[in-house]
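One structure is given here, and the rest of the page talks about it.
Which chain is which? They are A, B, C and D, in the order written, and residues in each are numbered from 1.
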Amino acid sequence: MPDIGIISSTIVAGVLLGGILALTALGLSIVLGVMRLVNLAHGDFLVVGAYAGLFFLQFTGIDPLIGLPVVAVFVGMLALPVYSFLLAPLAGRGAEAQMMTMFAVSIILENAFVLAFSADTRSIARDYATVPLTLGPITFPLIYLIGFAISVTLILAVHWLVSATAFGRDLRASAVDAQAAATLGVDVKRVQMLTFALGAACAGVGGTLMGAAFQFGPSSGGAYLLNSLAVVVLGGLGNVIGTLIGGIALGALQSIGGLTLGDGYRDLVGMALFLLVLAFRPDGFLAKGRT
Amino acid sequence: MDRPPLLEVKGLVKRYGGLVANDRIDMQLRAGTITGVIGPNGAGKSTLIGLIGGAVVPSEGSIRLDGRDVSRLPASERARAGVGRTYQIPRPFLDMSVEENLEVAQYSIAPFIRATVAREERRALLARTGLADVATLTGRALPLLRRKRLEIARALALKPRVVLLDEVGAGLVDSEITELIELIHSILDARTAILIVEHVIRVVRECCSRTMVLNFGKTLIEGPTADILGNDQVAAVYLGTGGARESQTADGTAPAADSAIHVSAPEAEAQVLAPLTAPASAEAATAPALQFSGISAGYGQARVLQGIDLTVERGQAIAILGANGAGKTTLARTISGVITPTAGALLIDGQDVSGWQPHQIAALGIAHCMEGRRIFPTLSVQENLLIAARGADALTARERLEAVYDLFPILAERKTQGGTSMSGGQQQMLAIGRALMARPRLVIFDEISLGLAPIVMDKLYDALALLKKARMTLIVIEQDVDRALALADHAYVLEHGMFALSGPPRQIAADPRLRHIYIGGAEDASMGELTSIG
Amino acid sequence: MSDAIVSSPRVGSASTGGLVEVAVLVGALGVLWFVPDFAGDYWLQLGFRTCVYLVLAQGWNLMAGSAGLVSLGTSSFIGLGAYAALGLLNRVGAPLPLALLICATAGGVLAALVSPALFRLRGLYFTVGTLALAELLRLLMVNVSAFGGATGIILQEDPPALPVLFRYVLVLAFLASLTITLCTRTRVSVILRAVRDDEDAAAQMGIRPYRVKLGAFVLASALAAMAGGIQAAKLGAIEPYGMFGLQWSIDVLSMVIIGGVGLRLGPLVGALFVVALGEALADYPEAHTAIAGVILIVLIRFAPQGIVGLAVKLPLIGRVQA
Amino acid sequence: MKHHIGKSLAAAAAATLALSIGVAFADDIVIGASLPLSGPLAGFGSFQQWGYKRAVDQVNRAGGIAINGAKQQVKLIIRDDKTDPNATASNTETLISRDRVVAMLGSCTPALVHAGALVSERAKKPMVTGCDPLEAFKSVRKWNYVWDLFFHEPELAAVPFKAMADLGVKTNKKLAIWHDNGPDGQVIGGKIWPALAKEFGYEVVQNSEFPIDNSQFTSVIAEAKSRGAEVVLVDAITPQAIAIRKQMASAGYMPKVLNIEKGAEPVQFAEALGKLSDGILVGGYWDPAFPYPGAADLAKAFESETKLTSSQHIADSYAAAQVLLDAITAAGSTDSEKINAAIAKTDKSYVVGPVKFDENHTAKLPIVSLQWQSGKAVIIWPKSAKTGDVLFPLP
């Protein structure tokens, strides 16, 4: 059995990483909640964010963490035409039509990445991305802490947006009863479009963080998507704070799984957990009566 | 009578959150008898059918079929045990032929039945239920009565011991009801029990040996049908409430709207409403607030409204009446843009808004207090209100909020709670308050009294009277005829998607045809022109 | 999903239409059986691919069209079938037909095992759950060295020659189509369509919707497992990424959507189209996935009922239909 | 009736297919390749595509190949397999049966190469491939038509040990091995390295296997760190290699020697990691500095054409194509059997060194040890090929 330093370091790192995972899943979650859409291109939006962060750094020389708002706006804007030209016309055509359309978007994006940026594996190389932080017996990557802080801040901001603003009211109302919301004057299409863009913007930021903490390439989207889905199911579809807690729980449990079974089992632990939650708590494991 | 009951219900309770839909119902159905259940809308009648049929899981209590406890069995097993039901709004399998609809039941209980035997049985059933000529048509192609017949035939194909009929008479004209009653009598035999939940009193009177009256989920009274229908208390519950009975008096005139207001200082109250009522526009606009010109509308293939003309002047309160399925809610939805008319034009303030999106119509000052309240469960009471205050700045929104809270103080107390955590009446207040938050010029109230206690209805209608006083344009869609007529300046009665009657409330209330349309013409025989409509 | 073809007005008994369909299927099998005698390898290869896709699409269409189950987990069963088939061929030396039957059983059993979790809620959760199932199985295969880890399994004996494989898969496609015919032309179809039309009303008719959906899921999964098995036998070397890849699930979904969901001919037309499109686009390797994406978007948008739905709407063919 | 629709659509599909056939001129010599141009391995595919094309272009510019005395142009048809073995197989089938290729060039990584090679083998069409380690290649079956020129895992595996011994680096001889569970990972990390460690006097304090696309290595790293391993040998593909290096740094783990096989080889590894790549060792089977004909030119041509940094994958693919083209020339025929026989007789020095196939159809490429120094791969071992001095310990 590894010593206590390793165990605690692993768990701390897992929790911090979980926070970042939560951010990467946030967009998927709110889009699921509001539009009932499994956005199969979500992972590719994350990759767009990662490339955006990388090229922002290369062309401006400004640290991508400072450029995060720019990345967020860029990816968010990119999502607007996707919604209005591709998704909106399919409203009322059932879940498959929109889902398949987003899959098509996903393969188009992936192809575009290869053509534009080559298939190389990239990473946003910053010093802070590789510096360890040591607190007593615990050592964990500094980037995890930075990413965690940014993610949690952003998730709380989105939570505030959803729970305390007029837009958030419209969003929640549209999610549960679009027709009633519309008759009350809510422009449901606009709300959906902005939600979709918000989801993409969050994915953009998450992608930059992932790109700094790890590595990415044109086809990284698939793995991002599956991880995000696990977080979303754990936290409950469309539940912002649930997503944060789902992410942290997944990060921690994966770390424990990795520690006890080997790193290869981390994702397996995640997926098994995912199916178990689906089987026993289909609304997410912290869903209480938010009916 | 000494035989044990075929179906025995004991202490049956169904709760939905805080709402008790069925409260300790006891009931016994004996083979060879037909039992009726009546009661106002929302009394829990359909829930009772759901509970017995297995679609609804009981919170407490037991249901025994032939001595066997079936209360925990799912619907499919109840069907196999011998319980057949119909739906209030028929749910035939729309894309399957009539014959196939019956095959579903046949093959599910006897998958290996010989094809020839099954065909013979189907033929017999179709002949008995008067569907032989439409055997190859799809469920979708059938008109309402045929759909109801199909539902009965489908239930009978299960060879049931207990048949549950949910509002089979609703939406039918008298001659059709006569046919229906014959049919019901024909399906009764010594080993079968029938339970009829019904609004149409005639069906109950002519079919049921015993009748039970439900009110607010509880059994109000139970006994031989003749006794029950003669009971004053029942008449009160069934035909309306509170002031309604008064309207049945003497000349049948509706009381003036003001008499329904039970507030101490109406003028002061009206003042309170100022933030919620749009000022009558300064320019003396000549166009009516709302105009339908030849509007047809419906859902997919089904045309519900058949070329309606309607004009609502500013400040007018109109009532839209009609039986279930007549098209009242479709009319409301057409106004608010949820349904786009397939023909005709919808004009608001003289402007053609056909095809506009609901939110665009809302922006014109049209508020729609939707049927079924449609409170957002994920929003608090206050948020449910604020969401309708589109484009209002914080201060204005605050003012409106205060005005709604003044109107319905209970909402102020519950403002941080989840919208659906309140009782039905409170939710309805919230729905009305929410509609007002937009400071609308025209409000559509769709079935706001559905399932509410008389005292609550009084309160709601007091509020509506105040709105009328404040010169707001009101469209009131109601099952409770008396209340609606008491409020309205003008009334329209819908039947089969067209206006069968229209005129001032007094005239409508006095018109015998109204009673026919609602209660299926139990007493009146002068139905010629009306049946011709259907 | 309107099921225009299946529910077209019928005169007489259900079985006459069914008999015609069975006759057509048998005729097609009889004709295609001799294709290897005169067609070149290329057409056999395409035929093999089309048949594998057809088997998958028939099953998927049954699930979606009858029970409203939209699955993104087809690859779970393909992968399972592939591993089971090669395991049986290598370890036990089982003959291929027997191995395929065992694959079908394994696929059905897996479907039955996971259905309590996947059927808990309708719609979205089923879709998300099936996606996770495929990923879970892939990760399991990658991790467990007994199954070859990322290296996978290699078939020790050479697989049968292409004409033989073609005939195997032809029979498989025939059986799949026949099964679906039985499901849509006999009294089973009435039950399936009732569940799809109105699950609650169907339950009130004594149908057990859970069992019906389970039946469709098990059947579709068994078919997918057999398709996976024969595909693996043809490849001769399998590994988790290729056999449990999302690509399979997406291919199936796009075939059915392109062909026309719930339409009897949808899977066939979809399978033909996807194979043909794949072949045509592979000659433009730089941008073929993007082109495929654009075509998919356009088809979904402008042919909501798929190619078959579009064809039926065309005046000429529509008249022939009627 | 409705079957008419199906048939007309089938006919339309067939017509589409027919149109896409027959692009090659009748008297071209057609060879085919299925490459991962998209998907996770697209990086390899683009290098290979360049290498294959260059070899063919050169032959065509020189007038083509004489078949039965008449010079013919060579047409190379490349299809994308999306990094999916199913697609590699179907692409190969199409190339052989529709495009009538006379021979094939291979894809990359064992899974993809084998999927295509098995099709070639069964169709009795010769295939020359690189990018498939020889032991993995041999383990599939006894090959008759497929030929592989690449490194031999035991040789590659031995490089770090031999280099450390020759260069005299001082460590505590505690060794951690991390390897993926792909075919070569299992062979090198799971079998050969532990055996060699014993032989060279190292103590294996950790041997961890992980799935090929694992992205988290924190537990593995923490364990190695706590066991005090000063030498770390890794076998992983590029994305994982980058992740490992970053996570080692952010875990504060600094062994003295870090050797990452496979993944550390392409220049994108160094680009993605920046300074962190300094000092990392990787076995290489090719470098522009190699003393073989055309080596320096090849890299220069690549860099000037594509404006990208070259990779060793341009060399094995270029050489594989040359081997095949030379064999066709030697055969003077497009007959598969004759070409196959000519491939077997290959014995010539190519850009990757001398190529001569053994009875298992494999040709070993010589291996050197490279070290990343300021974004450049420097040959530090063996002395004969050396282009720079070793950086030790890991900075």
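As a convention for this text, contacts are C-beta pairs under 8 Å (C-beta built on N, C-alpha and C of every residue); 3 or more make two chains touch, one makes a residue touch a chain.
The structure presented is a predicted model; accordingly, all values stated were derived computationally and were not measured.
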Is the C-beta contact count larger for C-D or for A-C?
C-D
Calculate how many whole Å lie between the centre of subunit A and the centre of subunit D, each centre taken as the average of the chain's C-alpha atoms.
34
Length of the line joining the C-alpha centres of subunit A and subunit C, rounded to whole Å
32
Averaging over Cα atoms per chain, report the distance between subunit A and subunit B in Å.
45
Residues touching two or more other chains, restricted to subunit D: which are they?
37-38, 83, 181, 209, 211, 213
Among the residues of subunit C, which are close enough to touch at least two other chains?
139, 142-143, 286, 288-289
Which subunit A residues reach two or more other chains?
110-111, 264, 267
Using the contact definition from the top, classify how the chains connect: line, ring, star, complete or other.
other
Listing of all chain pairs that touch each other, if any do:
A-B, A-C, A-D, B-C, C-D
Would you tell me which residues of subunit A are touching subunit B in their complex?
166, 169-170, 172-173, 175-177, 179-189, 290-291
Given the complex with subunit B, which residues does subunit C contribute to the contact?
2-3, 7, 9-11, 13, 15, 187, 190-191, 193-194, 197-198, 200-209
So, in the complex, the side of subunit B touching subunit C is made of residues 53-55, 74-77, 79-80, 84-85, 87, 91-97, 100, 103-105, 107-109, 111, 115, 119, 136, 138, 154, 158
Subunit A residues touching subunit C - in the complex, by the definition given at the top
32, 36, 38, 86, 89-90, 93, 95-97, 99-101, 103-108, 110-112, 115, 222, 226, 229-230, 233, 237, 264-265, 267-268, 271-272, 274-276, 278-279, 282
Given the complex, residues on subunit D that touch subunit C span 1-6, 9-10, 13-14, 16-17, 19-20, 23, 35, 37-38, 77-80, 82-86, 89-91, 93-94, 96-98, 110-111, 114-115, 118, 122-123, 136, 139-141, 180-183, 185-186, 209, 211-213
